[in-house]
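Working notes, beginning with the structure itself.
Chain IDs A, B, C and D follow the sequence of writing; residue 1 opens each chain.
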């Protein structure tokens, strides 16, 4: 058993790096004659950047809320956290994939991969919260029940949206991306689980 | 409500990574016959690197001063901070854009995008400070009034300079970059808001 | 002599960055006609990514367990830690090498380089633990004996597996990678040295 | 005036990222027929990597020793630290330059640029230590005199070696790199200033 301090520091590092590495997908366009047009044509890159940035940011806020209520960390929890961080730190890859293919015929496949990674991130986070809730001595007294219930409601709502986003991609990838962005905004506005007051608390 | 410790750690991580990723815009030149000349021809890259590095550094110092006086962090503040960090972590992209086009006919557009990103960073920082000042219990007692006044004066001065820098870029992009660098140096020498003594305090 | 706090922070930073930089080896494929097939053909990249991610993660957990029991850090230990971090932070390079050549005739050489780097990482970690165990005042009372014994048993087992993985690579590089992955999973399930209870402690 | 905690965290982040970004200069060779030969031909990249890694590591240890004795940080010190970090975080660029040209006719210029950056890093560090020593209330009681003397002796010795390394590069760049590596090892073995005992303290 360890205190959660260093897990927090390591996770924060991975979050901070993954969110900042997203910028490497923004490339300076070559087209010199019309730079403004060339920049504007890159809109899928900016959209994917913003959605991924917002999503990592929200996940960081939720991870923050979860670790805050941890008293202890054991080895299985460290590895569940590691699995979760795997999907966080790989996110620049599906983001890059999506931004490159969003506007073309291969868009649906790129959007499906992107949605699948988002869903996997959510499932890994849920597994971590679920494990910590069922195991005595990890979460602070009283936090377990409210936290589990809160996150379960979210996953029951969030996961089908990611599946829907993957399906909708075969009709229009932009709607798909809008759905994922909308889910991120919805999570951002939501009251954190186990708290009494609204988003402005 | 949370203690500001982890927000500080996460923000510091993003600052440290964004400031260090700037180096990826410095490329080893291919021109083997005259390496020194090839290196010298890259001056816009070094200039943009130095200005962006200095600007992120100063913003970090100001962010430092702001978070130091925070007692509590709530969810809206976390998201305002995230929005602010979005413009910080995207900075390597406009920096790269500016350094590549500074010396050519597309310079004004590149400089305008760069200035706009700087201005957006300032506005997001101002929004965060403004929100924290108006909301009870976030800032330490007595810090709110002095802090808001101090930053408002700065924005009243800084924002028109960025707009001016964007406009001047259509005449000469070098003057534009010099203006942004000058503003950074000016901020660096300024007394931090809410403090009594001079820059050497 | 220093307190171990800052060594921990610096090491965590290097771990977090090295583990996150692995994503830069995942490239968006160019092949537009069949994106799904092009993505599937990249399986060695995903496999190498997962194995390296898992290995860095496990090493981080072990490093965590070791530094937790340190009372003091002296200069030689700082440099042994630095040597160890050298092999951690260089890992994206052999990972990239392995993922690119895994499926071809040069696979064995790539796998041998990869295994050698893993082994070097283990030896450097062992040297650090060994030094700290023999030197009075670095490790907490009573931790030295159990820790040394525990890690020595691991290295006696782990190092030949890496050598075997390098040798097996000349028959089939996939078995080689599976061996390294298996060793990582084995380490993950193992009771940490100097502790009484099983993996679920 | 601030407590030095966050300056330490930010600096550690920059050190950790700069030291880890060095790996981006190691590229997987294309030469498929003879991978081992192609890897061996990259020796200047490994040599430059190792020397830069070791140098950043040692500078981190010294920075560590310096910040440990700081009681307070003021704004000028923050900016001197920022200037110092500029030369740390830019190091991957001259490292890449050196590794690419080390073995060719342009080697001396690359080695001179590399040495100049090392020297600039040293001068900025010296300026920071010097400022902190002369200004009351920044360093802990009694630390100032011993620290300044210790670092002055080092710079009096180190700076001419970097100049010599730059000059020797015009004869043989390998000797030049060996000199810089030797200086790093010498600093590593040296007793830290203001301490009584030897390297094994």
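One rule holds in what follows: a residue touches a chain if its C-beta (ideal position, glycine included) is under 8 Å from a C-beta of that chain, and two chains touch if they have at least 3 such contacts.
As the structure is a prediction and not an experimental result, all values here were calculated from the model.
Novice: From the centre of subunit B, which other chain's Cα mean sits the farthest off?
Specialist: The most remote chain is C.
Novice: Do subunit B and subunit D, two copies of one chain sequence, contact each other through the same residue numbers, with over half in common, or through different ones?
Specialist: Because under half of the interface numbers appear in both copies, subunit D and subunit B meet with different residues.
Novice: Taking the mean of the C-alpha atoms as each chain's centre, how many Å separate subunit B from subunit C?
Specialist: 37
Novice: With chain centres defined as C-alpha means, what is the inter-centre distance between subunit C and subunit D in Å?
Specialist: Centre separation, subunit C to subunit D: 26 Å.
Novice: For subunit C, write out the residues touching at least two other chains, lowest number first.
Specialist: Subunit C, residues with two or more chain partners: 9, 13, 16-17, 21, 24.
Novice: In their complex, what parts of subunit C are in touch with subunit D?
Specialist: On the subunit C side, the touching residues are 1-2, 6, 9-10, 13-14, 16-18, 21, 24, 74-76, 78-79, 82, 85-86, 89-93, 96-97, 100-101, 104-106, 109-110, 113.
Novice: Can you list the residues on subunit D that touch subunit C in the complex?
Specialist: For this pair, the touching residues of subunit D are 8-9, 12-13, 15-17, 19-24, 26, 28, 32, 35-36, 39, 49-50, 53-54, 57, 60-61, 64-65, 68, 188, 192, 199-201.
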